[in-house]
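Shared between the two complexes below is subunit A, which has subunit B as its partner in the first and subunit C in the second.
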Partner chain A sequence: MSSLLAEALAVAAKDLRTEFRTRVALNALGLFALTTLAAVSYTIGPYRIAEADRPYLLSALLWVVILFASLAGLDRTFVKEEESHTAPLLRLSAGPHAVWLGKLLFNLGLLAALMVILVPLFIVLMGLPLVLHFGWLVAVLAAGGFALAVITTIVAAIIARAMTRGALFAVLSLPLLLPLVIFAIQGTAGVASGEIEIVHQSLRAMISFGGIMVVVSAALFPVIWGE
Partner chain B sequence: MGDGIRIEFSEVGKRYDERVIFRGISGTVKPGSILVLTGPNGSGKSTLVSILCGLLRPTRGTVKYLVGDDEVERWEWRFHLGIVAPAMALYEELTAHENLRFFARVRDLKMDDDDLNQILETVGLDPRRTTPVVGFSTGMQQRLKIAQAMLHEPEVLFLDEPGANLDPGGQDWFEGWVAAYAAAGGTVVLATNDRREMQWGMNRVELAG
Partner chain C sequence: MKFSNIAKFFLLVWMLGVIWAAFYYVQPAEGFIGQSSRIVFFHVPTAWVSVLAFLVSCVSSIQYLRTRDPEHDIRAAVASRLGLLFAVLATVTGAIFARIMWNAYWNWDPRQTSIAILLLIYAAYFALRSAVPDPERRAALAAVYAILAFVTVPFLVFVVPRIYWSLHPDTIINVRGANDFDSRYTQVLLASLAGFTGLFVWINSIDCRLDKIRRRRQEEVL
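After this line comes the complex of A and B, so read on.
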């Protein structure tokens, strides 16, 4: 195993261990997602939307819940390092790319855990139709979740030392996340309505977008983290 | 410890917006010597330590790490230095052993549990190795910071008020340890206003405040 990957896994494992002992980010993500889902399913439910409108409206609702739950918790990975004054020692101990990759892996894990709980509940409570194979939905969620984690991780690093970090996280993240969320909604709607070509297009767009953000993040992070 | 590292800093200054913290600070720390930074509260001792260890960039001036005549690249400094400072905390949710294991892994050190326990024993924390740091006294946290700083046997050691919160026995042990470290060729930068610690080194930089 390469040194970079081993160091990144050490950072991710440390973050997972501390998170499971405090559950700050998990609680923020989980409570926001479940509360929103409960409110939406209680007021709208599976039957108040016309059948023809369901694929797009329910897909949009699903990604709105995922998006805002992410904004509620995915900044913690860097903010906590600054708030608890552990960031300086981490800067002097680990390489910047190992820190970035470790934090990204942690956020990916957090987002995956959220989706594993939220999406089946959403399908059951909201009646999201799945015309295409369930695997296509998993692919859309994975591609969208990956790009979402990449963007929120680098933005979290940028805002971690700011005074008004909560507001800044949303302000800086949303313009970057907007195109991603549109592709993710289209892809999910494609799975729900059986339009495989739309699914292919959205997957290509999300993977490209995520790939570009990985390259940009890897190039920018040492500068952001170092100063 | 190899040839040791010499730190040369020249005309170093730092300002935040309009506030000048210090300016025109120069000095050299040779392997085997201890440089003592003193000055009143707010004079910038910790800021200078952060600049010398690479955490902050100076507004003016230069800092160099040298092995003989060869300069060590700035991004490589972290491999060569250890630091104990009040502004740098360890992970409170992790145990003492987990903290050391984490820092060993991110530094890519091949250390097993016995090696880590040996270091904890050296700083007097072996009986509490499975206690989360949040349950430690400030003195015990200071001992763990010292263990973390010595983990990778660095050539340069930055100490910012190292004796703070240590009991008299711990202060005696640490004073002896730093003296042995410097005698073995280590380079030490010590920021302190403690009269006893100020006697550890012959070279002194006094910040005006």
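After this line comes the complex of A and C, so read on.
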């Protein structure tokens, strides 16, 4: 088990190192998020939406930005291995579960970095009262981000082996992510409006969804990777 | 006469009986506008068959990954296709009912939302199939996606409609576990479920055979 973790960390560290050489995924994710945030903030801002509607509409906007930003960059981990023809070498040097876990850790890191920058900016620019229940906000973001990373990682592994990768990534991910995004928006809106009962419900749903996806992905990844 | 011919004839008579019973044997239910409650005999079975088809597709996909027998891949693809067809029928019959009861074909009720996403998932399944040229790799990747998709189904069918308030009439096995239907409704509905399931099995076997022939011809051309 510890050797699996060590291998996975090595894969994630390798990915991080190559990522910092080109910064393709980081740029795609960050620039997409900042551009949409600028557009949303410029056209809507904090005062265009009535006070009562703010928690729901602004939470939906926040998750739309996170969702599309992750669709822009989270497929890179696997696609770049295929494009640079390094996948066979990686297959030789690490077991499939270590590769999957390493790539998942890398995507989780990327998503966490995105959220750390994006969410405070969003709160400041859009005037969303999320800081009142800061602990719950972190819980919702963590649970939603975790499930998001798990699903995009396994779908990225699938599309890396197919043609027309960019378009296919969004087509395959979106339907699987939709229930998750619904729960996440609900949870964030609950945090913003102070209705902790709703936050509990959506957290439970997100954690169970993420947990099931972890089990299924771990079981199925060797099939995709070996194919 | 062969058994399959008898079965087909029996299915025809059975379905005619179900259609007759749906319109003449039961009375319109209370609390529903006009005759609209009768649609339950067609809407529920199509929804049931679509879920059944997706279950078949998931099981066939798992079997494909274990045995690598192309026959299971054909089964998974055919079942998904039929599941998609029946999901469209369930959506359309649901929308007709919604128009009569709530005066709008579509209002993003949680049930409607979840079936719309279900349609998207299986449309994505076919998008993936068409994007992988190598048949063995296509079969394996599609099988993985079918299993992932099937894991999402319970969340769409059970969790989302429970968390959100819905206008949808109680499902037959509702929260209390009680059966609110009139006994005649139960009889016809069960008969209809059986008939639609038989119909699915029949179409499925025809489609599997057709697909096998198609594949063989493709290989001959190559």
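One rule holds in what follows: the second predicted complex is superposed on the first by the 224 of 227 C-alpha atoms of A that agree within 3 Å, B and C clash if a C-alpha of one lies under 4 Å from a C-alpha of the other, contacts with A are read in each partner's own complex, and residues count from 1 in each chain.
Criterion: a residue touches a chain if its C-beta (ideal position, glycine included) is under 8 Å from a C-beta of that chain, and two chains touch if they have at least 3 such contacts.
Values in this document were obtained by computation on a predicted structure and should not be read as measured data.
Engineer: Once the two complexes are aligned on chain A, which partner has more residues of subunit A within touching range, subunit B or subunit C?
Structural biologist: Of subunit B and subunit C, more residues of subunit A lie in contact with C.
Engineer: Let me test your reading of the model: by the given contact rule, A:Q201 touches which partner, first (subunit B), second (subunit C), both or neither?
Structural biologist: Only subunit C; A:Q201 stays clear of subunit B.
Engineer: Classify the contacts of A:L178 with the two partner chains as first (subunit B alone), second (subunit C alone), both, or neither.
Structural biologist: Only subunit C; A:L178 stays clear of subunit B.
Engineer: So, A:M163: does it touch subunit B (first), subunit C (second), both, or neither?
Structural biologist: In the superposition, A:M163 contacts subunit C only.
Engineer: Examine A:A52 and indicate which partner it touches, taking first as subunit B and second as subunit C; both and neither are also allowed.
Structural biologist: neither
Engineer: Taking the superposition as given, does A:I224 touch the first partner, subunit B, the second, subunit C, both, or neither?
Structural biologist: It touches subunit C, and subunit B stays clear.
Engineer: Going by the contact definition given at the top, which residues of subunit A touch subunit B in one complex and subunit C in the other?
Structural biologist: 227
Engineer: Help me check something: in the complex, which residues belonging to subunit B touch subunit A?
Structural biologist: Within the complex, subunit B touches subunit A at residues 50, 53-55, 57, 78, 81, 83, 85, 87-94, 98, 102-103, 105-108, 132, 148.
Engineer: Taking the complex as given, what residues does subunit A use to touch subunit B?
Structural biologist: So the residues of subunit A touching subunit B come out as 3, 6-7, 10-11, 14, 17-18, 21-22, 84-86, 88-95, 98, 227.
Engineer: Using the touch definition up top, name the residues of subunit C that touch subunit A in the complex.
Structural biologist: Listed in rising order, the residues are 65, 113-114, 117, 120-121, 123-124, 127-128, 131-133, 136-137, 140-141, 143-145, 147-149, 151-152, 155-156, 159-160, 163.
Engineer: Applying the document's contact rule, which stretches of subunit A touch subunit C when the two form their complex?
Structural biologist: 151, 154-155, 158-159, 161-164, 168, 171-172, 174-176, 178-179, 182-183, 186, 201-202, 205, 209, 212-213, 216-217, 220, 223-224, 227
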